[in-house]
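Each of the two complexes below includes chain A, the first together with chain B, the second together with chain C.
Here is the complex of A and B:
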């Protein structure tokens, strides 16, 4: 019973229920939507957002924000696509992409922790720089002619259902979730995001935890970039533009609080699936996909506002309970204000 | 020497910006002598007028401790609504302009309402607003008989003159910018309203206890920034002669850069209109000058991003006395 209650309290569960509700509602209007094939299409199509959202979840949970991941995705996609096109093995391409992602993350982390630049400013600036670098790197041209063998990986499926990429991402999300919640070092991220001074006082290395969060975020963006290359097959200099906003929105939809300390990567992944299913939902409801952004925006605002109101109510209730408990029991202490 | 300068606060932020601006003009003037012609310099504002105008009023939002990343999307929404109101709804162009400004105010009011009254982070709400308004802009396009990529054009000459006419030999856009600077300056630094804006950012609770209606003040700052975005949208529509839904899409980075570079703290409570105006011009001239010096427009984000990071880093490091002491110690050590 208690575990059930706890499960219902968990924010990612409510996002999951929300996702299922959407699917059932759309399915009620247009039964074709619930065909297994279509559902797998939605899941498989959300892979890039899932990875981005899981990566940025680290940064958001530790109380910062990273708006440079769209550009990081673009640059690492451009680098890996160029390497693949020139006949290098995919291992080289992946490693190069990872180096790009980790470097950008490291720079962000150093800027935020050592130079003490606010993260929104730091990553906004780096976003511009990295986007510009990907123009420099590609000379403003598209990177095309990625080998077919590499592109076909993204199409390969297990038992005609989920792609290897998506199943791999599921495993990664599960492992990361376990690492974050069940290990001491994993809890550091939430601790730093929840109460930075408190974390410092009990001896958690705040700065290096934050830098780690940014590096992990960059690495996830880089992996998303490589998968982007495999799925799309070509890279424009604008690849990934605006994805950072969608990833942040996905985290918020998945119940991660932007003030830090609250939320899980599973939530982020669920949020990402919600985000990327919106455009398909619209198609099945016979709306133009032009309304994609409108719906995303409305959904985001409604969910966040509802969440804030519920939270406020919960804390008010808790306070009232505490107060009445204090007045009823004859201790009469004011110390717990 | 350095210490002395810092101590006497001779290195005020605004004077630093003026120095950057002057050195920019000199450097670009050397690179390309055409750059120094008054006509060219004045005309260059066409390229960055929207950054200038919007950042002036986004400053208000940041001073209250908020964040506004939706202003760019309101530019597109205003522009296309203006076109649709004029062409498809048959309104008089000036009525359409007024309605467009009201739309901007409404957009700002919606986001501002949620920020002020529900306590959700401004960043999240305006992120939602960014999606919402850019999506609505596309939806408005569907109301018109034109397609998204061609835009709505063919405006009367009087409207076109807003963006491309001159007043006493000065381009109208410069005049509008000047008027808005004065308006913003008076509003922020000379009126009670401006004091309230600052108080909201410094200590919201204290402001509330002293009888200031903080919620309405915060909401109003978002309305101001929404209105400024719609003014920018109108000017851009007039200058380009065509209403488009995708205008202003790339403005978020430069706007926030201008506000923060201008000395406004994103934590609230500190900042000023003059600094923002100077910083916006610095950024604009830099973009314009680099293009004239032969750099492709796509690379412009690199110097601007670097400028943003370096400016804020120097400020935070500069205000960190411990770090400064360590640096000066090392400096002395090296000299000796």
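Here is the complex of A and C:
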């Protein structure tokens, strides 16, 4: 029990160990995998997932879920890509994308808190709406001809081959981690996800905290969308489709509990690197990368089930302890009629 | 119970006047007036559903009153949310501590404060030192015992400079020593001028710790004043319905136990929430199990029924041990249970009447396909016997009245032809007419030689129906009553733990 608790304490650490183990195992089978060049490719390639996972981590830690982030990424990518194509400055494109993301997040948040729609349903519906809007906005066509100058940003590197984007993402993860864990306001998210009634009782604004989480999630999805445009260079109406599963799996793999209240964005980021490395791992093991989504899904379910079993045990034990505490420990007066 | 409308007084810490609260069409609070001055501990007692918690939740800003006013130090306030109540120095320590299990003790205490961390840290340490408590602040909350969790809750309140503390049954999950230290703490707080609402089910504690007492029943305060003015008997009287003539409740005749055989026997049966339960139930008798909520009655019943794990002891049904068997096996052996919460466990709301009645009996009605004819016959039998008002067997369960739903739930329990039935709060939320029918069904069962274990918080019901009664208090049977000893007075006293150590013959 003690080792279990210690392991739970360092949930990010165990995901990091998991990451290293996978890399070493694959490296043992195919040493080319461990070449610095390849590792940098993996890290640089994970940035979209890292951003999505960090954003959705807010929502999951607050005890909700958001399955609309793939669509939000798609729409904000389409919007920023068309603006760039039409010769607008990148600032305009970024601001427009952020507005798209924040709006979707706000709508999700209002639906979940004020209208009290379960978050899985609310965001599933919004996922459909936003994806549909992507088609309407682009007329179902690809957005191409994004200026080379913008695409080249994603190629710019520092320290040999680490992209500025990835280094920037690392800084963002660190800052967000500090805000979330070391500030009183930041801890509100975990408090709301941990014990909603308890949070209410000590005066934490539950609804507005959740709405904020959804907005932050939407904004991160939008940033991921802009980066997607820079990296890929074109946007299809299906851009970002299915990314929500990868992001949720990344969070879970990074030690964030789907019941809320537990986990860090550092964990989410590590999980995201693992998730985005799966397709490369498959290639290096000479499997088809078509298995990518299947493996992601299986991993997600295994981890969630394991987590749920542990969680159930913990709550059951707590319930029993509470009941036992109620019974008199000394012998009460007996009297047989 | 004349409560004189008193004007709010300047020297009270908190005064409530004419508080009314309605849930749906159910009037839960019917005009509550209450004053607490600085340094007073007001014990609030009352049975289940008396309205204590509702009143406290209104004071805490979780619910809003429909009518009435709250005054703090003579000033009228409008507490629309918990944050406002907190800002006014009111703090509620809930019965089940509401901590954040994944956070450290320190985080749990300091969350919601805007002050500097170091300052808060030293403040917590100084409060703990003042009170002589030891608690590691870096422990995770889910490793704390219930008592420690309660300390954290109280620390939260103290750090907020709470002037009014509400303690909701604080001792219900504490061990004896922990209760002692809690009382020392309350004395301390008293001397510091903090006002305390102390909700409890234990009358002995009232005299130990409270300065004042207020008894609630059915949404009104029936008795209040300084503790010194009352005896335990006065308090018990305040808990009873008005004008009850204690000895004249109509009873059936005394059973001749020499002719009856025990069918269900419990030997030192122990599980989570109850301990060392010894009892026998005979065919053809109704054994009442009285007690307050949380006394362990439901836990004990569900454990017999295989819905929860037991710890030790034996359950013997008709000479055969059924301890720890699965629900399905226990059912087959001839014991059935009517759950406490009909909506949660008792019925299939969108099914029709016939399928609800037959649902426990399905395995006997079908080889593979359901024998529809048999199902209809079964349904017809019970609908007629129990006078269940339905438009037809295919009426949807959810559209029936509470009383009829309950009758169907009972019919289902009986459709398995059990030798023993455990009825847990069989008339809760049931109207007066249907209640009579339920009573008739219970009497009929008795005549047919079924052993009935009747768990009820409605003591009048227990008095009316039971041949013998056991009362449970803090997870143990603390008293047994034979037929001629059963009256409201005795049951209430025993359920509230008053003559725990006495023997009455």
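We take it that the second predicted complex is superposed on the first by the 295 of 337 C-alpha atoms of A that agree within 3 Å, B and C clash if a C-alpha of one lies under 4 Å from a C-alpha of the other, contacts with A are read in each partner's own complex, and residues count from 1 in each chain.
Just so it is clear, a residue touches a chain if its C-beta (ideal position, glycine included) is under 8 Å from a C-beta of that chain, and two chains touch if they have at least 3 such contacts.
Not measured: the values here are computed from a predicted model.
Student: Which partner does A:305 contact after superposing on A: first (chain B), second (chain C), both, neither?
Tutor: first
Student: Tell me which partner A:132 touches in the superposition: chain B (first), chain C (second), both or neither.
Tutor: first
Student: Give one of first, second, both or neither to describe whether A:190 is in contact with chain B, with chain C, with both, or with none.
Tutor: In the superposition, A:190 contacts chain C only.
Student: In the overlay, answer first, second, both or neither for which of chain B and chain C A:294 touches.
Tutor: A:294 sits against chain B, while chain C stays out of touch.
Student: Should A:261 be classified as contacting the first partner (chain B), the second (chain C), both, or neither?
Tutor: second
Student: When the two structures are overlaid on chain A, which partner does A:87 contact: first (chain B), second (chain C), both, or neither?
Tutor: After superposing on A, A:87 lies clear of both chain B and chain C.
Student: Which chain A residues are contacted by chain C in one complex and by chain B in the other?
Tutor: Dual-contact residues (chain A): none.
Student: Give the list of chain B residues in touch with chain A in this complex.
Tutor: Result: residues 67, 114, 118-121, 123-125, 127-136, 138-139, 141-142, 252-253, 256-257, 260, 266-267, 296, 298-302, 304-309, 312-313, 316-317, 320 of chain B touch chain A.
Student: Note which residues of chain A are touching chain B in the complex, please.
Tutor: The touching residues are 65, 111, 115-118, 120-122, 124-129, 131-133, 135-136, 140, 237, 245, 248-249, 252, 258-259, 288, 290-298, 300-301, 304-305, 307-309, 312.
Student: What residues on chain C touch chain A, complex-wise?
Tutor: 60, 62, 81-83, 86-87, 92, 94, 96, 98-103, 107, 110-114, 140, 142-143, 145-147, 156, 172-176, 272-276, 294, 296, 299, 468, 473-482, 485, 499-505
Student: For chain A, which residues count as touching chain C in their complex?
Tutor: Touching chain C from chain A are residues 5, 9, 184, 187-188, 190-191, 194-195, 197-205, 257, 261-262, 314, 318-337.
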